[in-house]
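A single structure is presented below for examination.
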């Protein structure tokens, strides 16, 4: 089956002009145009199948926003092939945009001064949603996103923290039943309860309604809770594209073994593991994945001491990802010398 | 499409009407501002008698026509107002237009409709009415039919200038203030008979940015005055060509601007 | 905000001791204005262009009379007048000054009032700094451009140059008092911005900005002279062009001074009333 998104060797270069300062600088700006080329996206290739829920990760300036802008059709790439729903996004703007939903961070897709319900109705008209479909979706969103509390409130009066704006925005993005949804930082700035609500909704539209979802986020618990597939980008390159579990297996450097001893032994050290915490009878060991297996350690410990209980803990995905970026674990051989730097995402 | 446009501008209108008192004050203010300028000119004319040979009634005809057209344009093309559009670009809200399956130009027209600018239009109409009362012109059916054509063409002309101004925001947001010289400066300039200006200015506004073809030459026709510059006799009838020509060229430039924006981003 | 916190309104006594502070404020405002490079340049071009238009209109008004004088103005005087008034736009903030009104609307005014500086002079010092900068980047360049393009009139004698400096300072102070009072309306009204816009239009109308006062019908002139508005622009014009001499010159400057004092007193009254309102209703 045709993938819903197909990207082959995508490149996007920006020409960044040097901006001179001072009064003389203003003149120089006019006369000379010193510039350098910045590669925001450097040879990206991937495809996404219908119904996937993909997490798209990367630090600021990595090329995430640029990729999303190209996929949504508001930015034209320098070279490469992109097909979304069989179309080239920027060439058939209206047809392409009618089939997708996009929520970009804080920029609201609803109208500031209008009550939410009127914004949704206006979107219905713009997207030419059939009356029956609209009514069905509206009733559904009202229930699942609890919109009734603020359906008649203008967006400008909605509070940010309680996710009202995020909920209204997400409803607006989906009112026309898009089969492909781009969500850029949907849970940013929300409290824990609100985050969970939005996550549930995203899971729901993916599982129940079959929408393909591309989710960019800095909150890795979003990724952990929602995505099976993860794409990591940095300096315009795709560093990793695969299952979250595989990421953890390869790069989750250290694991933890928590042991509850039966007695208070004076010395509970064991080879190839170090003690990071000792709280009464409970001891936490840390050991390097690959250097020794959990079962080996358990074997050693149970041979010497009496154990009551134990458990193995995986590293936080947060830590794993940070390690990958900081220690450049996924750098291409030869480094990224071709990149001058990054341009804002 | 029309229904979508009306729906969009109703949003802008409603949010303006929310503050009724300040809306009224603003509308009065803008009427007052333009009126003040004309009243002062009229007062000076009692001492001087004429401006470049044109009496008060004749100047009022020209002045009123320009103000009516500019005021109307200022309302209808509010979305393209470079001052307002440069803010949209700066905040990145223009991207939302690109993400909706509707015509960009329609969304631009629908994004704003500043009703208080009606004041300028109203003031222009008052001055124009005054001129008609004072002048007692011989109206023929031809002239009566041509007058609204001139009006609409002038609105199109000024609208074209606004569209060009908005399009330049795709390259540099700073330039929007400089555009004011052409829009507001141009309208002020065209309010007075062209022959009072220096040669190079006249030539520029006849052959380069053909504002003179939209009001001055038609005015010569309506007022029955000879052309002091001795140009061909069909000049007064080029108004629709000039006006809509400028608007068409402006939209072509706008398209180039959109293409530039989508290839280099914000 | 409690009464004793509005100490800066009592004014007067503390003012003289704080000269360095006010000078520093003025310098800061001066530098701040200079930094708006693009706005300054585009403002300059706009002012210049409109000046050009106005000059041509006046030339056309003079028409056949261009050899002689009308109401004491030669054609050179009239052209110079357009340049001069355009140069003054930025200097006296003819078309709007919103800083104080904004501060009242956002509530920042409360912290301004609790400063150990006199509120009126605090704002006045900054306005003088701003005006000096704008005279430098917008006023003088326009006059220079005019001198290149047209044959302009200059003040005839050194006395007139001196009088020009005096009248410019008084005109600025007068304009500031007016803008100060109008801005204070924000203490009482929600939509002070609308009032402000009207106020600036009134100045344009009655100050002799659009046409020299002398060109207008006698009854209009009489009406205008009963107000202080001509003292903001028309007096400066007449001094500069040397249309006033000896006792008439002194008289005009004295009238400016008198209006300045009256407006200053009015500004103090309105400020005290505004602060009282703020204090009673809470900060």
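The chains carry the letters A, B and C, assigned in the order they are written, with residues numbered from 1 in each.
Please note the rule applied: a contact is a pair of C-beta atoms (placed from the backbone, for glycine too) under 8 Å apart; a residue touches a chain by one contact, two chains touch by 3 or more.
Please read these numbers as outputs of a predicted model, since none were measured by experiment.
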{"item": "Chain closest to the middle, measuring from C-alpha centroids that were averaged per chain", "value": "B"}
{"item": "Farthest-lying chain, centroid of Cα atoms versus that of chain B", "value": "A"}
{"item": "Gap in Å, rounded to a whole number, between the CA centres of chain C and chain B", "value": "31"}
{"item": "Mean-CA-position distance for chain B and chain A (Å)", "value": "48"}
{"item": "Rounded Å distance between chain A and chain C, as computed from the means of their C-alpha atoms", "value": "56"}
{"item": "Contacting residues of chain A [partner chain B, same complex]", "value": "14-15, 66, 69, 72-76, 90, 93-95, 97-98, 102, 104, 107, 109, 111, 113-114, 122, 125-128"}
{"item": "Of chain B, residues touching chain C in the complex", "value": "19, 21-22, 25-26, 28-29, 32-33, 36-37, 39-41, 43-53, 174, 177-178, 180-181, 185, 188-189, 192-193, 196-198, 201"}
{"item": "Touching residues on chain C, where the partner in the complex is chain B", "value": "38-39, 42-43, 45-46, 49-50, 53, 56-57, 59-63, 65, 70-71, 190-191, 193-195, 197-198, 201, 204-205, 210-211, 215-217, 220"}
{"item": "Contacting residues of chain B [partner chain A, same complex]", "value": "3-4, 7-8, 11, 14-15, 92-93, 95-96, 98-103, 262-265"}
